[in-house]
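Below is one structure. I have some questions about it.
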C-alpha cells in the first residue's frame, strides 16, 4: 500500500506527508526523484530521517522525527508555511484517517470523549492541498470499516479526499461515491466490498492489482 | 526649527522621519545618540546619507535618498515594516503638513485638482505612531496659515498630531486647541498669532525661546 | 546614531510578567521552546496565566512545568497529544483549552503583531471549530472572522541575538517565534549566543530589534534543549 | 529526493503573460524593480494590463515604459509622484489609478499570498480612502474590510536565486518582493546571480522555492538598475 501510494507522487510536485502511515511513503521515493517535500513546521526540501546520534536538535518534521535538509532546502516561519498550503502551492497531501465518507468528507482529528489532542495543521492540509489522498488501513482495529456512507466523527474538512490507499485497495471518491480502481494482489472484490461501509462501484473492465 | 525638533527625540526611541523637512532632523543627531531610525521601505538602523559615488544602488530610504546601515541594522519586507508601525513599536514620527487643525487633524497628501500623487506610507505613520509631530513652515508659500481651526483638504489622519515645529514657534495640540509653548528668537507672540489660522492659547509664564 | 543595548538578566526580564498575564511561547515541540525562561517563570511563580503555544511540549518538559505547578489557567494551542498531563487536566476541567488550526493560530498571532484586529478565513468553516464565530461575505463568498491574538508578554528562544534585540533562529526552531515576537507588549528573548552590534548581518535578521524589549544570554543549554529519544 | 530546476529564458517566461493579465511588480523606486522583465514585456507587447506596484518608477524607467507603450489600463499603487507621465495619464483619464495606503497594500498582497480572502484594518478609516469599503465590528470596534490582492503573474527581482527558485533580496530591494512572490498564480523571478542547488543557505532564503515558477538569470545589469542622480 505504501509503495503504491508513493507512485501517486508525480515529478516536480510539492508534497506534504501527514503523520503516521503517510510518512512512510518517503522510504519509497528514489534518491534522485524530483519532488519537494514540505513540513508545516517550516521546511521545504525535507531530506532523509536521521538517527539520534546524527540528528540536529533544531531540525524536525511536524511529527517530531529528526530530518535533514537537501541542497535547495528553505526554512520559514509557521505563517509562511501555511500561506504555502492555503494559497495553492501544495500539490498533494497524504493524510491518515479515522473515517472517509463517500462524498470525500474526512474525519481524522477527534473522537469525542476519547481522543481530542487538537487539530494541529491537518485541517488546512485537508482543506487546501490541491489534491488530498488518504493512506489508511481499510478498517479500524475492531474491524469496523473506515470508508463510510457518511462520517460519524467531527469533520476535519468536507469533500476534500480524492483517493484512498489501503492494504486492500485503491478507491477513488467520485461524484457517484466510492469507485474501486485497484486491488491488492491476493484480495478479492468481495473482501474489499465487505470491508467497505458504503456502496463500492466496480469498474467495467478487469481490476488492476498492486 | 530643525535643531529644536531634533531635541524632541528621546534616547532609545524608534523614530520615522518623513520626507522633506523632517529628514533634515537627521543632521542634528549626535553620532553616538542612542536612537533607531526606521524607514518604511524596510530598514531599521538608518545610517548617514551617502554621496552618489559611495552609494549602494539597493539601499535607499522612503524618500529615495541613498542611506547606509549602522551596526545592528536590519532589513525586512514592506509588510513587516508597517507591522512595526501599526503595532505600536514606532515611538515617534515627524511629518510634513499642508494643514494641521487645532484638534490634531492632519492633511498632507492631497490637494484636490492640483496635487494627488498618492498617499504612500504617510497615512499609517500619522495614524499609528505613538507620537506624531509636524515639522513645517508656519504658512504656505502664499502666506496662508497652515495651522487652522479645521482642515479644508482631505485628511491623512484625524486627531493625530501632538506638536508642531515651525520656523516661528513650537505649538502643542491640546484639548483646548493650539497652545504656544516656545517661540523662535526674534519673533513676537503677535507675529505667531497673526500667522496662525486658529486661536492660539498663550502660557501664563514667560515663553521660552529657541 | 547608535542602537541601544537591551541585554538584561533572566530574573529581571521575567519579573516583567505579572500574575494573570497572557503569554506567548515560541516553539514547535522542542525546537524553539524557551526552556530557560519557562524555568525562571516557574521559579518566580506568577499564577493565573493564559498561555499561547503551538503545543504543550511533552510531560516533564517546558510548558509542562507550568502546568504541573498550577500556574496556568488557560491554553490556546493547536495540539497537546504528546503531553498526557495537559490532556488529563483538560479532561478534568483543570485547564481551559482552546484549539485552533495551526496556520490560523499563526495568522491570528501575526495579525496581533501587525496591528490588525483580526483575520478573514475559510479554514475550518465546515467544522465544529467554526461554531460561534462571526461570518461575513467578501466578494460574495462567506468567510469566518477570527480575532487577532496579542498578549502582555512573549517569551522567545533565538539561536543568535545582538544586544539591540535583532534575532536569528536555527532551522525549524523558527516556527512561531518571528510571529510571536511581534505580537506582545513586552518581548523577552533568550539567545544561545548574544553578539555585539554588527554581529548579525542586516539581511539575515529574522526578527528586527525594534520588536524586542529584553535580551537574555543563555549561559549553557540545559538537557531540555537536546535530542529527545522516544 | 532532489529539487527540480526552474530556470528558463526571459522570452519564454514572459510569454506566460496573456493580454489583459493582472501583474504585480516588485520594487520601491529603483531597488527591487524587475527592469529586464518589464523590458521584455514591452517588447512582447501584451496590452490591457492591470499593474500592482508600490510606485510608477520615474519617467523613462521601469513601469514608465509600459505606460508609454499604452499597455496599461489600470494601476493599483501607493504613490506616483516621481512619474509625471503617470500623473498626467491619470488626470487625463487614460489610466485608471487606485491609491492604497502602503502598509495596507502590503497586507492585501500578503493576504492574497496567504490564501486569505481579505484583511481587517482601521487604517484610513477617517479618510476618503475608506469610502465605499464595507465595515464590520470586531470586539465592539469598527474595522474596514479590504479585499486580498492576488494576480495572474508576479514579476520579481532578486539579488540571488537558486535553480529551484529560492530567492534572496539585497538591502531595501526586498520591500514588496517576498509578498508578491506569494500572491500570483505564476511567479517569474529575474536574478542577478543564479546559483546551483545548495548555493543559498536554507536559513537565509527570503522566498521559498515552492512559491516561484520560473527563474531567469540576468546576463548583465542595464543602467536602469544603477544609482539615480537627481
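By written order: A, B, C and D. Residues from 1 in each chain.
Definition applied: contacts are C-beta pairs under 8 Å (C-beta built on N, C-alpha and C of every residue); 3 or more make two chains touch, one makes a residue touch a chain.
Quick caveat: nothing in here was measured; it's all calculated off a predicted structure.
Among the remaining chains, those touching chain A as well as chain D are C. As a whole-number value, the distance joining the C-alpha centres of chain A and chain B reads 56 Å. A straight line joining the Cα centres of chain B and chain D is 29 Å long.
Centre-to-centre separation between chain C and chain D, using Cα means, comes to 32 Å. Counting only residues that touch two or more partner chains, chain B has 43, 69, 75-76, 79, 82-83, 85-86, 128. For chain D, the set of residues touching two or more other chains reads 107, 110, 114, 116, 122, 169-171, 202-203.
Taken as a graph of touching chains, this assembly has some other topology, since it is neither a line, a ring, a star nor fully connected.
Contacting chain pairs (ordered by label): A-C, A-D, B-C, B-D, C-D.
Chain D meets chain C in the complex at residues 107, 111, 114, 116-122, 134, 136, 138-139, 141, 143, 145, 147, 168-171, 202-204. By the touch rule above, chain A contacts chain C in their complex via residues 39-43, 52, 55-62, 64, 66, 69, 75-79, 81-83, 85-86, 116-121, 123-124, 127-128, 154-158. Only residues 1-4, 110, 112-116, 150, 162-164, 166, 182-183, 185, 196-198, 200, 202-203, 205, 208-211 of chain C touch chain B when the two sit together in their complex. Those residues of chain C that touch chain A in the complex are listed here as 28-32, 54-55, 77-82, 87, 97, 99-107, 109-110, 122-124, 126-129, 159, 169-179, 206, 225-230.
The part of chain B that touches chain C in the complex is made up of residues 11-12, 14, 29, 31-38, 43-47, 69-76, 79-80, 82-90, 128.
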